[in-house]
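Each of the next two complexes has chain A plus one other chain: chain B in the first, chain C in the second.
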Partner chain A sequence: MPTFAQFMRAPFARTNHFFETTKLGPYPIAWYVSGWRGGLLVLLAAILFPIFYDQTSIQPLLGDGIQVGIYVILALGLNVVVGYAGLLDLGYVAFFAIGEYVASFLTTGYIFSKLGQSPIIVLKSPMPFILIFPAAALFAGFIGVLFGAPTLRLRGDYLAIVTLGLGEIVPIFFQNVPWFGGNVGASVLYIPNIQLPSLVSSIVGFTTISLTPLLNKAGFYFLTLMMVVIVVLLTNSLRESSLGRAWIAIREDETAASAAGVNLVRTKLLAFAFGAAMGGLGGVLDGANSGSIVPTVFSFNTSITILIMIVLGGIGSLRGVILGAAILRLIDFTLLGQLNTFRQTSPLVTNIHGILHFLALPQFDFNQAKFLIYGLILLAMILLRPQGLLPDRRRQRELVGIGESAEAYSAVGLLEREEAGEGVSGTGSEDMTLFTGSGSDAQGREG
Partner chain B sequence: MLEFAATNGGPVLFFQQLELGITLGAMYALVALGYTLVYGIIELINFAHGDVFMWSTVVLLLVSNALGLKGTLGGFALIGVLILFLAIGMAVSAFLNVSIERLAYRRLRKAPRLAPLIAAVGVSFILENIAQLTIGSGFIAFPPIFPTTALNIFGVKISILHIFIFGLAVGLMYALDRFIQTTKLGRAMRATAQDPEAAALMGVNVNRTIFMAFLIGGALAGAAGLCYNLVIAQVNFFTGFKFGLIAFTAAVFGGIGNVYGAVAGGFAIGIIYALSIQYFNFLPGGGVAWVDAIVFGILVLTLVFRPSGILGQQVPDKV
Partner chain C sequence: MPETTIPALQMRTVTKAFGGLTAVDSVDLTVQPGQIFSIIGPNGAGKATVFNLITGIYQPTNGDILLQGQSLKGLTPDRVLRRGIARTFQNIRLFSNMTVMENILVGEHKTFPGDLISIIFHLPNYQSAEKHARTRALELLSFFGPKMVALKDEYAANLSYADRRRVEIARALGSNPKVLLLDEPTAGMNDAETAEAVGYITRMREQFNLTIVLIEHKLQVTMGISDRIAVLDYGKKIAEGLPEEIQRNEQVIEAYLGRKVVVE
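Right after this comes the complex of A and B.
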C-alpha cells in the first residue's frame, strides 16, 4: 500500500499541462478527477442526474442509462477474459443468453409450463428478485467452466474460433428446443417493482409521481447502477489480487507463468468463470428490464459489439472499458438519430451515386449503418490506436521501457505478447506499486 | 437412425443427399482453400474471407441485373455468360482480398497474433454492412440461367449443373496443385509456409508470396461465389459469415495449412452437412435448424481433440 504522502505526490508527470498546473483549491484539477476520486465523481453524477430533468422526459433517459449500465457490466465481464487473462472470447453472448433464460426460469415458471409440469405461468417471482443475481451468476459461471475446460489447450486464435462456435451453438439450442419459446423467446414477466427508500426518493424527487413499475424506471435504474458498482469494485479488486496477477502472468507469457508456479488450468478456468458470471448478471438485468427475451439479440454481432467496447476504451483498462461501453451505447441512442437528421437537411449527400447511393435514398436510416460504423471503429482502433482511448496504467508503465514500435501495439499486446514479451522493463515497477490503488487518471498520455 | 433412413426412401435418398453434399463440398473446398493458403503462410485466420466470397455473389447479382438476365440460357450464350461471370467473380474477390491484405493486415504483420484477427473481424463487419446497404437485407433470387436438366441413375437425380460445378472446382484445384508444385512462385509459397525467415534469406520475396496467397485464395472464393449463385441462387449480405465459418471448419477438419486437407475437409463437411439435414430431422425444428450447430460442434471437437485435422501433421506449439 502506498503511503499517503506517496499518494499525494503528483502522479501526472507526463500528463496534460492544463490539468497538471491549473489549480482548483489546494490541488491541480487532475487530482480531483483521477483514480477513485474520478470514479466517485462519475458515480455521483449518475446518481444525481435524474434530479435535473423534469419528470416526463426522464423515463427514456433512465432507460438509456439502464442499457449503458447493462453493457458496462457485460464489457467488464468480457474484459476479465480478454483483457486480464488474454483469452479472446468471440462467443461471449452465450453467457448473456444463459443469464436471461435463468431469469426467465426462476421468475415466471414459463419453462416449467412448457415441460408440462405446471400449466399455469407463475406471474410472481417465487424467490426474492435480488437472489436471482447470484443464482444466474453461479449458473453462467458453471457453464463458463464447462465451455472453458476443453478449450484451454488451444492457442489464442484457435480459442477464439472455438468460443465463436460455442457462441453460435447456444442460441441455436435455445431457439429450437421448444421449452425455451423458440424464435419468439421466453418471458421474464416478473418485472421487479423496486421501491426506493423514502429518503432517497424524496431527494431524487420521485415521490410526486406514481407510475406503474413498468414505466417508472427509476428503481430499476438504481438497481442497475448498484450492480455496476459491485462489478466495478469486483473487477478492480480481482485485478489487484493474486489471481489477477496470475492472469496477467499467463497473458504475458504462458510458459514462464507455468514455470513460476501458476496453475494454468485453474487460472484460465477462473477467468472464464468470472467473465461468464458477469455475462449472466447482465442477462438477468436485460431480461428483467425488457420483460421478455428476444433470441435474435444473441448473435455474433452482439459479441463483437462488446468486444469493440473493450478495444475502443482500452483492453484491460477498467475506466477505458466503461468509457467504451458508454460511447458505443450513446452512438446507438443519440448519434445515429442526429446523423439521420443531418442527412435529411444537408444537400451535400443528395448527389452521391454508386456504392454509396444509399446515402441519397430518402428512406435511408443511419441505424442500418450501425454495424458498419462499429466495424470502422474496430479497424481504426486496431490500426491507429491499439492501446485504446484510456489505456491501462500498468500497461503503459510497462511499455515505457520498450520504445515506440512496441507501444504502437500495446493494447493488443495485452492479449498475447510473443513479439515484445522480452521487453518489459523494470523501470516502472516502483510507480506500479505506487498506483495500485488508483485505477485511472485524468488524461492518459496521448501516444 | 438407419430405420428412419429406410422409411424415408432408403439408398436412393441417401445417394440423392450424397450428390447434394458433394456439390456443397466442392464450394466449401474452394473457400476453405483460401483460408488454408493464408493460414499456411502467415498463420492468420482471415475472418473476412467468407465476406470476400459473399461479395462475389453480390457483384454477380448486380452484373446479371445489368445484363437483364431472366431465364434459362443455352448454347454459346450460356458458355459466354458463365465465362464472363467466372472472370468477374474471381477478379472481384481476388482484388478485394488483396486490398484487405494491403490496407489492414500488412501493417499488423509484426503485431501480436490476435491483432490481425481482430482487424479481420472489423473488416468482415465492414464488408457485410456495405453489402447490406447496397442490396438490402433481404434474400434476392439469382436468375436461373443454368438448364435444370438432370441425369437419372437408378432413381438418383444428378443434375448437369452439379456436374459442371464439380468439374469446375476439381479443375481449379488441379490448376492450383500444378501451380504450387511446379512453378517457381509455387515453390516460394511452399518455402515461405515452412519458414518465412529462411525463405526470405534464400531470396524469396515474402511480400509477393503473401500477395499471391491472398490473390489465389480470393480468386477461388470468387469462383465459389458463382457456384453458390447457380446452386443456392439466393443472394444475401449475411451469407458469407455462416458459409465462411463452415468452410473454415472444413479447412480445420482437413488440417489447416494443408491444401489437400482443405479439399478433403471441404467435401467431408459438405457431405456431413447434406446428410445431417436429412438424417437429423427427428430433432425439434428439423435437421435444417440444427445443421449449423452440428458443423460447429465438429469444429469444436476437431480443434479440441485433433487441432492438426485429419490430414495435418501433429505440430508442437511454438513457444
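Right after this comes the complex of A and C.
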C-alpha cells in the first residue's frame, strides 16, 4: 500500500521514465527539452502560437501571455534574491511599484506638473519608451541599494521582517503623496508606435508596430517576450559567474565564504539590487500594459504570490521559476473563472442534494478563495516536493539530500536528475524524506 | 635599531576579551617570512581565537596585528584575505553542495572583476579571469596528485575526509596568499594520512613561497616540521622557541607536554 506521498510522487517518476526511455530520432525526448534546447523550444512556441489564431480570439490570449511574461520577470528577479543569494525578501512588491511610478513619471510627465490635481491623461513622452526600461531598472536598483545597505547586515528572519516593512511602506508612500495620484492611482502611460524603416516595411507589408496594448496586444506581447528573454539571459549569465558562485557560497556557509574572499555585504547587495532592478522592469511593463497604475496591486499578497511562484517551480531553478509563474498566473486567469462557471452551472452545486452544494453560497466567489488555493499549493509543495516542480540540482541536494548518487547529477539533463531523486526517495523511507532532507542540510552547515 | 627583515606576520600585545573572559591575553608573536610557525597549547588555550583575530573574524580588544608591517585593524575577513592571509578551519568548512572545482574558484574570488557589468556580460576581462582561475584551480589540484584532479567535478560532500582537507587547502591557496593559517590540518587523520599531510605542508611552503602558521595537536607533526613554536595556555603565551627548546621548557612540560615527554 503506497503512502500518500508516494502516491503523489508517482506521476513524476512515471513521466520522467517515459521521457527518458522514449526515443524521438536519435535521442530520448528528455534530451530535447533539457538545458538550453528546452528554453529554445518554449521560446519558439511563445513566438509562433499567435499565428494559429484569428485576430479577435487571440487578443485575450495575448493579454494572458503578457501577464504571464510580467510575472515571469518578477519571479526571476526575486529568484536571484531568494534562490541564488538565499535572502528572504518579503517586500519585493516595493520595487514593482517603484518601476511603475518611474515609468509613469517618465512617459507622461504627470507627476510634478499636475501637483494636487486629480489624475488626468497627459499624453506626452519626454523620453523614448525603450529608454524607460533601463531608467526604471536603474532607479529601482538604486533604491534597492539604499534600503539594502543598512539591512543586509542582518541575518535570516530579521532581513525578512525589514523587507516586509519596506513592502508596506513604499506603496503607502505612493498612495498618500498627492503627486503620485493617491488612492486613485496614477497616470496613463503613453507608448508610441514603432515606425519601421521603409526597407523592412516593404518586406513585412506594414509600416508601424503598435505597442499600445489597449488597441492591439500583439506588439506589446512581443515586447514583453523580448524583455523576458533578456531577463532570462541576464539571470542565467549571473548564475554561471563568479558572482553566482559567491551567492551559493554565502548561502552554504557565510563564514567560510567571507574567509575565502567574498565580501558579504557587497555580494548580497548586488543580489538585492539586481532583483530590485528586475522588479522595476516588471513594473514598467505592467504599468504600460494596464494603462494606469492601480495602487491596490502593491500589496503584501503580491509579494507572497511571487514567492509562491518560485517555491512551486523550484527555488533557484530558472525553468522552474518560469513554470511556477506561468502556472500561478494561469490559475488566476483561467482556472478561477472556470471554477466560478462550474459553481454556477454544475448540478453538483446547484442541485440541493449535490455533494458540492455547500459552494452555492450567494457571496462565494473562487476569486476570493485564490489565496486559499495558493496556500494549499504551497503547503502541498513543502510537504511533498520541497525542491519544486523543476528543481535546481543544487537546491535539490540541499532540500532532499542526495549525497551518494553523484553520477545522477552529471548525466544529460534535469529530468534525469529528477528521476534519480524519485529513485532515491522511492527506496522506502518515504515519509522521512523531509526529515532526512533537513538533517543533511544542517549537517552541511556544520561541516 | 633597523630591522633586517620585515616579519611576515606580527601580533603586538594582542588581547581579546569576551565579556569577563580573556581568551587571548597580551600575546606577542613574530613570524618570519618562509617559516613554519606552530601554535600549540591545551584545549581552550586560545589558539583558535588567535586565528580568528588574525583573519578578521574577531577584532582585538587591544593590540595590533601586522601583515608585512601593515596593520590589519578593522578589516573584514575578505579584506584580510585580499591582503594575503588565507586560512583553513578545524572542522573543514567546504561548500558541500558545490563541486571541488567550484570550491576552489570561490577561493580565487578576489582575482575576478568586481563590477556587475563585466560579470553579467562576461566581458573579456571576466572571461580571461575565469579561464586563468580554472587553469590555476587545476594546477592547485594537481599539487595534491592526479587523483585530486580526477575529482574536480565531484561534490565536496561526497569526498573522503582527507580529500576534503586537501580541497580546503587548495581553496585557501586559490587566493595566492603570502601567509597560510592551517587550523589542525591533520585532525581526524590516521598515521599514513598524517604523514602525507606533513609532506604536502612542507612541499607547499617551497612551491608557493608561503609562510605557514599551524595549530596542531599531534606533537610528532609540530616537532617535525616547525621552525618555531609558540605555546599558549589560558590565553597567555608561556613559551616560544625552537622545537628542541620547547621540548625542554619546564613550564611547557608542566602545562601541556608533561605526559608526552615521559612517554618519549
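FYI, the second predicted complex is superposed on the first by the 331 of 447 C-alpha atoms of A that agree within 3 Å, B and C clash if a C-alpha of one lies under 4 Å from a C-alpha of the other, contacts with A are read in each partner's own complex, and residues count from 1 in each chain.
Quick note on the criterion: a residue touches a chain if its C-beta (ideal position, glycine included) is under 8 Å from a C-beta of that chain, and two chains touch if they have at least 3 such contacts.
Computed from a predicted model, the values in this text were never measured in an experiment.
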Partner chain(s) touched by A:88 [first = chain B, second = chain C, both, neither]: first
First, second, both or neither for A:161, with chain B first and chain C second: first
First, second, both or neither for A:259, with chain B first and chain C second: second
Partner chain in contact with A:169 - chain B first, chain C second, else both or neither: first
Contacts of A:365 with chain B and chain C, given as first, second, both or neither: neither
Partner chain(s) touched by A:376 [first = chain B, second = chain C, both, neither]: first
Contacts of A:234 with chain B and chain C, given as first, second, both or neither: second
Per-residue touch tally on chain A - higher for chain B or for chain C: B
Touching partner for A:64 - first (chain B), second (chain C), both, neither: neither
Intersection of chain A interface sets (partners chain B, chain C): 255, 409
Chain A - residues contacting chain B, complex: 88, 90, 150-151, 153-158, 160-162, 164-166, 168-169, 172-173, 175-178, 182, 255, 300, 304, 307, 311, 355, 358, 368-369, 371-372, 374-379, 382-383, 386, 405, 409, 412-413, 415-420
Chain A-facing residues of chain B, complex: 43-45, 104, 107-108, 110-115, 117-119, 121-126, 128-130, 132-134, 137, 241, 245, 248-249, 252, 283-285, 289-290, 292-293, 296-297, 299-300, 303-304, 307, 317, 319
Chain A residues within the chain C interface of the complex: 234, 237-238, 241-243, 245-246, 248-249, 252-253, 255-264, 266, 270, 274, 394, 397-398, 403-404, 406, 409-410, 444, 446-447
Touching residues (chain side chain C, partner chain A) in the complex: 55, 57, 76-79, 81-82, 86-87, 89, 91-98, 102, 105-110, 112, 114, 116, 119-122, 126, 129-130, 133, 153-155, 157-158, 171-172, 174-175
